[in-house]
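Dumping the structure here so I can ask a few things about it.
Letters are used for the chains, namely A, B, C and D, taken in the order the chains are written, and counting of residues starts over at 1 for each.
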Amino acid sequence: MKRIGRHIFQEAALVATTTIQVRFSEVDSMKVVWHGEYVRYFEDGREAFGRSYPGIGYLDIYEAGYTAPIVDMELHYLRPLSLNEQATVEVRYLKTEAAKLCFEYIVRRSSDGEVAAYGSTTQVFVDGAGDLSLNSPAFYENWKQKWLSE
Amino acid sequence: MKRIGRHIFQEAALVATTTIQVRFSEVDSMKVVWHGEYVRYFEDGREAFGRSYPGIGYLDIYEAGYTAPIVDMELHYLRPLSLNEQATVEVRYLKTEAAKLCFEYIVRRSSDGEVAAYGSTTQVFVDGAGDLSLNSPAFYENWKQKWLSE
Amino acid sequence: MKRIGRHIFQEAALVATTTIQVRFSEVDSMKVVWHGEYVRYFEDGREAFGRSYPGIGYLDIYEAGYTAPIVDMELHYLRPLSLNEQATVEVRYLKTEAAKLCFEYIVRRSSDGEVAAYGSTTQVFVDGAGDLSLNSPAFYENWKQKWLSE
Amino acid sequence: MKRIGRHIFQEAALVATTTIQVRFSEVDSMKVVWHGEYVRYFEDGREAFGRSYPGIGYLDIYEAGYTAPIVDMELHYLRPLSLNEQATVEVRYLKTEAAKLCFEYIVRRSSDGEVAAYGSTTQVFVDGAGDLSLNSPAFYENWKQKWLSE
């Protein structure tokens, strides 16, 4: 079990990490990374996750006839990131029976390993007609079977 | 009392609204506004709030010797916004005894008034030495007295 | 005839202006608007132009079966824009016989009218098969006839 | 001598390259990288250049008491980049006697080496009083001597 501040992280079924380099354009007038940029860091992490466990990247979902819009997102900021720093984004896939993609994220400064921010996203599946998919799409079930079964 | 989905909005002490025009660069390959752009819409709302109730804009806070970093942010997405659409951002300041700035946000499509997204942010005050301000800074107490007293 | 620095502006056939408000997220660690944000300001201007002279907005072009990618862009920076400032973007449509959209842009600080930046973009037309349109599309010729004829 | 389209590249004194991964958030509704994102790609290249030839990164310049704002930027687009693609950014430092930083950039699709875009930037030096530095700052001359002398 993992705890950051008041938050207790659930057991992740699958984990991927990626490293990001803070860009000049991401730093605000307070000389730290603007809080909105972490949405991109989370997305970088999610894309890295998709490369590690192929089958649920944006293009995979699209080719299966779906989109997977984010419906809920939380971000919690503990320490700032500055220009020239690197950070690692840990992406944690949470097991769920629902037709959802649930991820948690932990962004750590590479220099000292301290947590800069953490958060979560929930995605649902929308079919080609624009309707919410209440049942888990076949491609997602296949992906689960491939990566989550022991 | 106001309810959107499962969320019950608290009574807001002060409210401001601003209108935003969806930009081409904000729309993603699914032809809807990318979820990260709402962080900017919230900030647009917060800046409009600062203009309506002067004294707690970024520059005011900075001149008082503080910064007010966001420590928590939540975003919930109900309906997409598309190219050429306009939206109104309602910003709701929540009364608090703590040394914090707490806002809730409701983003509505201008065309039909439907809620596209809602969320919240919490900001703390950090002084010039980089320390968290546990007591409410004088400038913030003055602002409260000016705008919140009956 | 108009001159800014070394640049002599061509006679514009049609002109539109729009006002932008500098956002916190657009300001970099030097406390001025990051140079890349002017690409968005130019685009804001172009969208305002499309609303003033309907028929060549992104959606119009798309519905006519084309896209109009930018192939050349120039930006020249004279003075910075700071947080809380407003600026006006003047967009100047340049007459051309070619199958192109040519615009010039002048961004002025609202406070004193001084030029912050200027530049230009050139767009071509690409048809549904992905091929460059060497001849001017019918919808563009119609638009020209409507707005450019005396 | 190097030629791309009508453009003849000058002999570069120093060259660095970096690889970028197209992000979902960078792709527009035409399903290609939005033209404004290349400003960031150029900056990624410039930061990589600063790491390869230390002494003229943003922080180096800042610590020497200067800033180096971009005063001119050109971008030329030849082929689109799509989601999931990688690109290499080649940054070419051009020798100059002036108190300027002049770079050229070539962005190539990693898959086939084709040029997606190219361009240039010019930066000047501004001192702590906000004045344009007509003479080349000492730290820049030292950097030149270190990296450009044979």
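To be clear about the criterion, contacts are C-beta pairs under 8 Å (C-beta built on N, C-alpha and C of every residue); 3 or more make two chains touch, one makes a residue touch a chain.
Because the structure is a prediction, the values reported are computed rather than measured.
Colleague: Quick one: point me to the chain whose Cα centre is farthest from that of chain C.
Modeller: Centre of mass proxy via C-alpha means gives A as farthest from chain C.
Colleague: Any chance you could check whether A-C or A-D wins on number of contacting C-beta pairs?
Modeller: A-D
Colleague: Would you kindly tell me how far, in whole Å, the mean C-alpha position of chain D lies from that of chain C?
Modeller: Between these chains, centre-to-centre, one finds 24 Å.
Colleague: Approximately how many whole Å separate the CA-defined centres of chain A and chain D?
Modeller: Inter-chain centre distance comes to 31 Å.
Colleague: As a quick test, compute the distance in whole Å between the mean CA positions of chain A and chain C.
Modeller: Chain centroid spacing, chain A to chain C, equals 36 Å.
Colleague: Would you please write down the residue numbers of chain C that are in contact with two or more other chains?
Modeller: As it turns out, chain C has residues touching two or more other chains at 24-25, 29, 36, 39-40, 43, 58, 83.
Colleague: Could you please specify the touching residues of chain B with respect to chain A in the complex?
Modeller: 29-30, 32, 35-36, 39-40, 43, 58, 67, 69-78, 80
Colleague: Tell me, which parts of chain D touch chain A in their complex?
Modeller: So the residues of chain D in touch with chain A come to 21, 23-25, 39-40, 43-44, 47, 57-59, 83-84.
Colleague: Which bits of chain A are touching chain C when the two form their complex?
Modeller: Residues 24-25, 27-29, 31, 34, 36, 83 of chain A touch chain C in their complex.
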